[in-house]
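What follows is a set of structures for review.
Two complexes follow with chain A in common, the first pairing it with chain B and the second with chain C.
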Partner chain A sequence: MNTWVIARNTFGDALRKRVLLIFLLLAFVMLTLALLLNYFTAREQSTIFKSTQLVIILIFGALISITTAVFLIPNEIERRTIYSVLSKPIQRWEFFLGKFLGGALTVGFMVGLMSIALMLVLFVLAAKPPTGATVEMAQNTAQSVDIKGWMSRGLNDILLVLRGTVVIYFQLVIVTAIATTLSLFLTPTVNFSVTAFIWIVGSLQWLVAALAHQNKQGFVLIPLLANGFYYLVPHFHDFNIMGSIVHPEVPVAVNHWAYAGMVSVYGVLYAGLVLLAGTLAFDRKEL
Partner chain B sequence: MAPAIRAEGLTKKFFQRGEVVAVDHLNIEVADGEIFGFLGPNGAGKTTTIKMLLGLIFADEGTAEVLGYPAGAQEMRRVVSYLPENPYFYDHLTGEELLDFYGRLFGLDAAERGKRVQGLMELVGLKNDKAKQLKQYSKGMMQRIGIAQALINDPKLLIFDEPTSGLDPVAHIEIRNLIESLREKGKTIFLSSHQLSDVELVCDRISIMNFGKLVKMGRVDDLLAEGRTEVVAAGVNGDLAGRLEARGAAVSQDNGKMIITVESEDEVNHVVDAVRSANGRIVSVVPLKRSLEEIFVETVGAAGPHRRIGTMNQLTQD
Partner chain C sequence: MAFSLSKWALGTEGRGQFSMDQRKKVWGLIALVFAANVAMSIAIKPGHEEYRKAEVPSTDYKTTEADRLRGTPFQALLATALGVREVLASLMWVRADDYFHRGQYRPIIQMIHQITTIDPHQIDVYATGAWHMAYNFMDKRLIEDGVKFLDDGCRNNRTVYDLFFEKGYMHYDKTKDFPKAVEAYRESSRKGTTGGDTVPPSYVRHQLAHALEKMGDIDQALTQWEDNLRVGREQEKLKGTSFGPAGPNVQAARHNLYITARRRNERLAAMAERQKNAAEALRLWQANLDLANDWLRDEPRHGDILKDRTVADAQVARLKSGKIVPLDPAKIDVRFTVTRMQPREIQVTGHVDVLNLSRIRVQLEDEGYDQLKLKGFDYKMSNLSREYENVSINKGVFKYTFKLNKDPADMGRPPEEIYPLKSDRYTLMLEYNPRLQAAFIQDRYGWNGEGLTADQQYLVEDEPRAGVVEGKRYPLRLFRRQVTLTREDLTGPGKKVIFTNEAPGAAADIPPSPQPTIEKLKPAP
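Right after this comes the complex of A and B.
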């Protein structure tokens, strides 16, 4: 109960942060600019548009989640609001989880807004005829577009974006948990850099894995470090389902939604472990 | 009845370029229902002590109990309230929303919260500003809302850290009156303040800390009376003044009357006897009350060197 009270208050506070609104605005500007990709065929345009937009949502989502989380607890200590809250009958773990949950809600709200904007644009673009048609042809046939086909393509695109957004969000839940926990030990600036580094390394796990398994001649330290990163850093690379979203027609062995569900569960479990460590650290933190 | 606060050997050390003992084996007992002034210069260890009592930081040695619960226990925090120094609250909330937020942390239901919030906004004089966001509140209003949040749970013990700091004289008096009215309601108040005139007026007992150590504790009346006595005599013959000065009394003349100031009660009896044996007449015997400020300066000064503000001369010489 107390966790939810803290989360709600954190969400309300975070939404008024100017820096987050600037990130959101920039993301919308980028989303709009991607609409200018009109020198490709309709098919190419749709493919490039979807992949670019999802990457924009991911990058701005990561920026928003790190920027929100690194300040969640340090701001409370600096502004001394934490003293009047923790002197009330609230457990420290409730406060810590409440702050994280508030941050995760903020990220979810921002990512949700960007994703709804993308869905709307894709739905409008779905009015264009399908594969093979040039922009010119599409314009010529725009008047005779088949409403049923439009709806079907539009809905399909919305579901694809929804799946992409869910996976992006759970990836960002891990990022938020890491930044919130590290904020107990690091200053916001250092925490921002460390969390961003972890996110980048985690997104390049294929490269880390290659380094870990390379021939151990030469520098022994590199495979050693790569192994450490491989097992400790979350596998953000596994959250990359861009291929299946951009090319839904390519048959794959796994069910897309089942895979999205699996990586989301991984996200929740990993975030849970990080938060458990954070809760234990916060319980004995001197304020 | 168990004391409201009891600390035994409470010690806190910090490690910043070496070990600093912020609170050094503090023994303190605050009785139920009293207003206890907790004084000391900046850096004396007052806020550190308060934080240990609330469980915001942890003692290295010693124990503390608050209202019979171990310091920092969740049950304790249900019946205790705290107003931090220069409080800052979530400024995106209105005054009313802030109190509602704290009410939720105590698990109060919506009806009870609504009733208490309205009552407290009225009590602290913010009834007409309850819908304003806190970012629009003045310092005085923030202090009032701070007191209101400290009362949301109808606490038995209130811990106030500089509740009148930075307030204008009118707001200052209002807050002081509010503190006195809380005593009438049977609340125990632990008041850390630099406003010695307030402490002198409202506190039953005080303690003075310096360099983490408790250097003085006692009833305000006793401490203020603990001083000199002035004996005024008339018609004194002979060389009485010289004899009294030889015993350590300060003697002066005013309009034919002799004013004798002595340091102890025993000396008062001796002076009275001496005046009478010199065929003099006792006009008055008045204990000279000291101010808390004098006691504070004396106590803190006697405890050892402390940080002092230099003079303009020093500045120009440097």
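Right after this comes the complex of A and C.
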């Protein structure tokens, strides 16, 4: 209960921060700019639009997530409000988890807003069937809006974006957890860089696997170290399902929603792992 | 002071809010969650592999990550690593489009190859890129590269019809290789759409039938039109009537089925009369009369069909009266003159007694071009030249000028870049192919040249490209004449007649042929 109260307050505080609103505004401007691509065919437009917008959501989401999380606890310490909070019957772990949840809610809210904007635009774009130049030329003679087709395409696009943004969100939950925990040891600027670095390294995990396989000399330690590193560092590359959203016609032998569910659970578990470690560290932190 | 792991992990009693016991429990929980995490990672891995396989097409997909790392192009490494393949490809495509609109065509070829390497599922990049190569650059050497680019696209996007259709159209319209067009259209007609429809638009099936007819296989063309009609009617029940060529298009299928059957009967009847087989000719004209009557039962006022019935009626009456009109095969005899107007400007003029608005292909290329081009793309582009045109024949005469001293697309390229003219010997070919003629001309010469002949040394009978009509094979018969020219002939100074087989002065007053080929322009991407 205490955790939830702190989370709600943190969320409210975060929404009042101008920097987040600026990020959000920038993201919306970029969403709108993408609409200027209407000189492409409907299918090209859809491909370009979906891919750029999902990356915008991911990058701005990550910026919002890190910027929010790195200040969550240091600000409380700097303003000395933490003392009055902890002097009440609130456990440190409750405070710590509440702060994280507040950050995660903020990220969720921002990503949600951007996703809704993307869904709305895609729904409007779905009025035109996703065809290439040949079909567009062929259909020039018979243009009428097929409402049933539009609704079906629009709904499909919304579900695709929903799947994409759910997976992006749980990726950002890990980022928020890491930044919140690191904020116990690092200054916000250093924390920002370190978290961003971990995010990039986590996205390059497939390279680690590749390098482990490159071990032609047969060093025993290399695969051990590589595997250790592989399981310790978060697998952000597993969250990369953009291809299946941008090119839904490409067959993938995977149940997309089941996979999205699994990586989301992984995201929650990894964030949990980081937060448990953070709880221990925060418990002993000199304030 | 010695470091103690347990002290570091568990701390000392009294510091922090957790008791030692609670701290132990949290560590236990951490171990548990870590184990769950590893288990989840292992469970996710096969799915992740499937996504990665789908990103890179199965033909290029390597079994290990290490192999994939080696196979990933440098320019795609960062994008691939960070999982933004698609967005990088999309942004590069926007850039390529910008080049196109500014008239800067040169960087486009390299760029489209890079884009499709990064994201091999960019269907429109394949389609438009191939179109640039085969059409917009107006460099005949690049047509086969456009087709090759589409081949790659088809391999990487096997589940949708689009690129197979584009490849079919390129063979149909550009290379005139109708068997390959049929193969690609057939493949395309079996695929679904990117929008999730399991049946491609009707024009895919219609183009397949047209290509079968162009290939000379009239039996298969008719079967295909019947199939198109059936599928169209099924689609109409599901989707309703639509007049667009992408809709069910039942009327077009029905009309084409009728017209192909009518033409088959007419052309076979002409052959039967040539062989003085009046009974067979009568059977065929009677079949046409029945075809027209069948249609008129549903639409008694259809103007074209009424005219067809009148014609068929008259032919039946004539044949019944015992009067046959056997038309001898038309002899194709091309008399022509090749003149160098100035260095790198070669004019070909000639006379040929064929139906008005026929087309004759005039082609100039390095001797042994097809063998030499196997040395590779760079060799081809630096050393070989190829230009051709399907020139319209107007009142028995034709005229075409190879302007090897100009960039054919006015893109500011030096002419030597398009026509290097580095070989010593060149082949000038003139070819009259009945399969490339309009329907009213084929009515006289047949689909496969059944109604034409030529001097033995210039008449090519092509059995592998034989057509099939009512179960019988008809080898393709075409006129082809080749003349060898030297580089000096093409690049030497001043005006000079290089070759002629015409009477003196015959070439003097030939007007230019009407602009023969209208390049099909694709709208800007």
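Quick notes
Definition applied: the second predicted complex is superposed on the first by the 259 of 287 C-alpha atoms of A that agree within 3 Å, B and C clash if a C-alpha of one lies under 4 Å from a C-alpha of the other, contacts with A are read in each partner's own complex, and residues count from 1 in each chain.
Note that a contact is a pair of C-beta atoms (placed from the backbone, for glycine too) under 8 Å apart; a residue touches a chain by one contact, two chains touch by 3 or more.
No experiment lies behind these values; they were computed from the predicted model shown.
Clash-free side-by-side placement of chain B and chain C is the outcome of superposition onto chain A.
By the document's definition of touching, of the two partners only chain B reaches A:Gly12; chain C does not. Legend: residue contacts after superposition of the two complexes on their common chain; A:Arg79 is shown touching chain B, with no touch to chain C. Once chain A of one complex is fitted onto chain A of the other, the partner contacts of A:Tyr270 are limited to chain C, with no touch recorded for chain B.
By the touch criterion stated above, A:Gln91 is placed in contact with chain B and with chain C alike.
By the touch criterion defined above, A:Asn2 lies against chain B but remains apart from chain C after alignment on the C-alpha atoms of chain A. Of the two partner chains placed by the overlay, chain B and chain C both lie in contact with A:Arg284.
Touched residues of chain A were counted for both chain B and chain C, and C has more of them. The minimum CA-CA separation between chain B and chain C in the overlaid arrangement is 6 Å, rounded to the whole angstrom. On chain A, the patch touched by chain B and the patch touched by chain C overlap at residues 91, 284. Residue ranges of chain C in contact with chain A, taken from their complex: 11, 15-18, 23, 26-27, 29-30, 33-34, 36-38, 40-41, 43-44, 47-48, 50-55, 64-66, 68-69, 81-87, 89-91, 93-94, 97, 119, 121-124, 127-128, 157, 159-160, 162, 165-166, 169, 192-196, 201, 203, 242-247, 522-525.
Contact residues on chain A toward chain B in their complex (touch as defined above): 1-2, 5, 9, 12-13, 16, 79-81, 83-91, 284, 286-287. Against chain A, in their complex, chain B makes its touches with residues 51, 54-58, 74-75, 77-78, 80-84, 86-90, 92-93, 101-102, 104-107, 146, 149, 153.
Contact residues on chain A toward chain C in their complex (touch as defined above): 37, 39-41, 43-44, 47-48, 51-52, 54-55, 91-93, 129-139, 141-142, 153, 156, 200, 203-204, 206-207, 209-211, 213-214, 231, 235-244, 246-254, 258-259, 262-263, 265-266, 269-270, 272-273, 276-277, 279-280, 283-284.
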